[in-house]
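Labels run A, B, C and D following the written order; every chain starts at residue 1.
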Amino acid sequence: MGAYFSEIFRGLQSLATGLGITFKEFFKPVVTVPYPYETIKMSDRFRGHIELVENEEGKPKCVACGMCQRACPSGCISLASKSVEYEVEVKGEMKTKKKKVLTKYNLNFTTCSLCGQCVESCNFGAITFSKEYNLASSRKEDFHFDLLNRLKERNS
Amino acid sequence: MSLTILNAVIAVVIAIAFAALNAAYLVWAERRGAGRIQRRPGPNVNGPLGLLQPPADGLKLMTKQLVIPGGADKALFMVAPVLAMAPAIMSFVTIPFSDSIVARSMDIGVLMIFAFASLGAMSVLLAGWSSRNKYGVMASVRAVSQNISYEIPMLITVITIVMMTGTMNLKELVASQSGGIWNWNIVPSLSSPLMPISFLIFFTCSLAETNRAPFDLGEAESELVAGFHTEYGSMGFGLFFMGEYANIVIGASLITILFLGGWDCPLGLFPGVWWFLLKIYVLIFSFIWIRWTFPRTTIYGLLNLSWKILIPISLFNLLLTAGLLKVF
Amino acid sequence: MSGPIHIQPGETFTLNVGPQHPATHGVLRVKMEMDGEYIVKAETVLGYIHRMHELMGENRTYPQVLPNLSRLDYLGALGYTHGHVLAVERAAGIEVPERAEYIRAITVELNRVASHLFWFGAFVMDLGGFTPLMYAIEDREYILDMLEAVTGSRLTYCYYRFGGLYNDIDDEFIDRARAFIPRMRKSLKKYDALVTGNIIFRKRLEGIGPISAEMCRKYGATGPVARGAGINFDVRKNEPYSVYPEFDFDVPVYDECDSLARYKVRMDEMEQSLRIIEQGLDKLPDGPIMPKKKPKLIKPPAGDYYQAVETARGSFGIRIVSDGTKNAYRFKLRSPTYSNMSLFDEACEGMMIMDALAMMGSLDLVIPEIDR
Amino acid sequence: MIKDTVLQSLRELFPDPEPVVEEAAAESAEGDTAEDDKKKAAKKKVEPRVNGVIERDHAQYGYDIDVQLDPGELLAAVMILDKAGFFLECVTGVDWIKEEQLEAVYDFSRYDFDLCRVVVRTRTSRSEPKVPTISKIYPGAAWHERETHDFFGIKFDGHPHLVPLLLPEDADFHPLLKDFKP
């Protein structure tokens, strides 16, 4: 009999404790961010999709070596280049040299797993992570990024 | 004669409007309250403080298609949500909001409310069974056994009060408690020393009767998906939802009338409808508060609570009060 | 609760719990033969998000598999990537600098706390209490923010590298981690009062869903499920790896074998993880985070290598059969919940559906990790 | 030490090197047809491992005892481990396509602090892979064997419910075989 009542009493006590906790929380300020109206700043190391890095002339740093393409586990990077001849002065003489110039750098973001292997594999620091996270669309094609175009748009 | 009919019609319309408005805005209050308890704002986009959320929800629900599952019993499927809402509104007719604001004061007011409350279980049973969903059937069977076992302690408690006051008329019940907090039924007196416990029992039972957490076994969203209204969409679901909140208002009003002195002021001054409303909204807040604090009970835990704790104690209280009423 | 007494043939019905059901936390399906509310027989159906990570492991080079591991278990991803890098380091014989190992241990334990926190919330939500989930998520967000600042992603980390780490932690991380420990301890007290002590909660779990030690052994259950059955088994202690021998921590073990025991094990484990983080931050040595000489191309010598680690859900094993090339010949992932879930069919027989689902919640299921 | 006792009782399964020879003879008898000649030639290049018990360095391999035996002896070995209180960690397969063999791998471990991981392997022919089920001893093996059957097509004799677990119900392919083309 005593156990019966003490169990009821302890049960009620535990319920009251719970109610006390939620009552206290009721008066605390909210902790959420009203998302579309306010956004938080992404941390410096946040890994968004990749972006080409430009050199001082506003041209991509990329030398089209293709390391990123090979490192990518899901094969979402495709790039193309062409050879361009250019002249340099070596010991007072003009010489023509060949250089690869990036003509296409496409990222298929639909299959990218944001692992960052491409950025790590790049020996020239030519790609970096963007801080974009508000990517949303109902069309798949919107995530086939032409990174060269994006670079141009950024510069213009 | 025609004036009485007009009076009655106006009263009924006001009752319906009050029930519907309460149902709609209690959803908003519940969501805001839950939000605050969980450290988030709740609905706050539609209108100031999100106050336009209920009409928006209502519009959305009304524009949706009512899908009747194949193999369902069509007639019963359609009747069930109406049966959830109608008794709740009917009950409002007898509830006295103040000395003068009452649609129809009846001598058997308490009995009538309980009769309509039992119909609520009927709607749950019909909804679950007619929608031909296994989860729905399981939920409705649960809900019915729950309603039956919780009506017993509830009625025993009411009998205790009726014995003390000698009336079943809700208005007279309140009148017998007027004149300050010391006259209320919740306060123990010489002839009824266990009234606070009775109040707790009645409160628990009304939580269970209205299928509120922690006794929301009929819905049990983590086990039975959505319980008896799994197959309901559009306004069918909306009616269940509104019926639930209308029932909550009834439950809170009943507690106020039976235990908390109705429209009586705690100090015995300026009684009026505002006191009644204040009391029921405090009670409704506590319903919301409890819902967002506790986990759900099990079906056998629920029945154990009713048959092993609530019924014996309320019976004991009945006997004790009966005996003491003879003495004092 | 005792099971059904008389089952007449033809009086049972089949209930499909899942693949879309709130209690299955994903796309798990359990075909239940029901007698009213009682389960007569259950059969788990898997494979709704099977992605064949093992074949991907064979088709890709070792570094390319790195992001896959965090997709196994989205709640405690670092534990799984830790197992992977340790396995490859063991196979290829790569030395790891001490600082890197300490940071790994700290981040893994933080991730374990985050995982247990989310489990705690989801479990109480299984039982019908919604609010604790929100409190748990609030604390978990703190950890995720912290890990995001270091690793660059919130859930599917790709932070560990063979031989070390992707990048070093900074002072800000250390400060935040130090601030997190007292905050979490306070929260644990709150959870204890709000949930663990609650009579409704206890009534739902005490004595419900018994999983005995012998059953654990026969099914190969590990982690909190085994520890809730009185088995003192934790890979961190039984088969020490990384820098765990340096830490002073206890393995919580409860003998009750019921759902409440499994719950308590996880709640106590959070406290132990905090202790490890605390010690790790104190002992954190200076130095490089990558070895000085690291092979450019990872080609482990031919052989069969196995590595087990203790993740939030139990013993995660990874077997690498190498044939000396840059791709693994066989890449086997032994996921803990797979074994833990396999005993559900037997354990839930004769239980009521609500108790069975509470027990399922106490197994801490992450479906992508079962299906792989 | 549990390791020594288990090592000893497992070694008792191999009384002398004779069974190894028998197995090799039986296999060559099986592949008598002319079509198999090519495969036989391939087999000769890479000799499969001889059955037996090997002690491994835990630090290097991650396990202590490495047993390879015939499918027929599997149950005896598993029973020894069951009696010694091991738990089943997992079951998996390896496709040795060059040797025309499929290998079923069983990992066992212990709950106590007497660290000892045992790997039991058994090889079966690739054309008709058949291994007895251990789900009678370890019910937990049922799922692992179904998974291995999914991925490699190894038939587990006596398995109560050998239907695809992770793959679709109607799957008739085995993705982890080295000659699998999606």
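Keep this in mind: a contact is a pair of C-beta atoms (placed from the backbone, for glycine too) under 8 Å apart; a residue touches a chain by one contact, two chains touch by 3 or more.
Everything quoted here is computed from the prediction, not taken from an experiment.
Think of each touching pair as a link: the shortest run of links from chain A to chain D has 2 of them.
For chain pairs A-B and C-D, the one joined by more C-beta pairs in contact is C-D.
Note: centroid distance chain A to chain B, computed from Cα atoms, is 52 Å. Distance from the chain B centre to the chain D centre is 65 Å, each centre being the mean of its Cα atoms. One simple way to say how far apart two chains are is to compare their mean CA positions; for chain C and chain D this gives 28 Å. Averaged C-alpha coordinates give centres for chain B and chain C that are 43 Å from one another. Touching two or more other chains at once are residues 131, 135, 138, 194-195, 198, 200 of chain C. Residue positions of chain D with contacts to 2 or more other chains are absent.
For chain B, the set of residues that touch two or more other chains comprises 37-40, 292-294.
Contacting chain pairs (ordered by label): A-B, A-C, B-C, C-D. Listing the residues of chain C that touch chain B in their complex gives 1, 13, 15, 21-23, 34, 36-37, 124-131, 134-135, 138, 194-195, 198, 200-201, 203-204, 352-355, 357. The residues of chain B lying in touch with chain C in their complex are 34, 37-40, 134-135, 138, 141-142, 213-214, 216, 220-223, 225, 292-301. Residues of chain B that touch chain A in their complex: 33, 35-41, 44, 289-290, 292-294, 309. The residues of chain D lying in touch with chain C in their complex are 59-63, 66, 85-90, 92, 94-95, 105, 107, 109-113, 115, 117, 119, 138-140, 142-144, 151, 164-168, 175-176.
Taken together, the chain A residues at the contact with chain C in this complex read 10-12, 14-15, 17-18, 21-22, 25, 31, 43-47, 71-73, 113-117, 120, 129.
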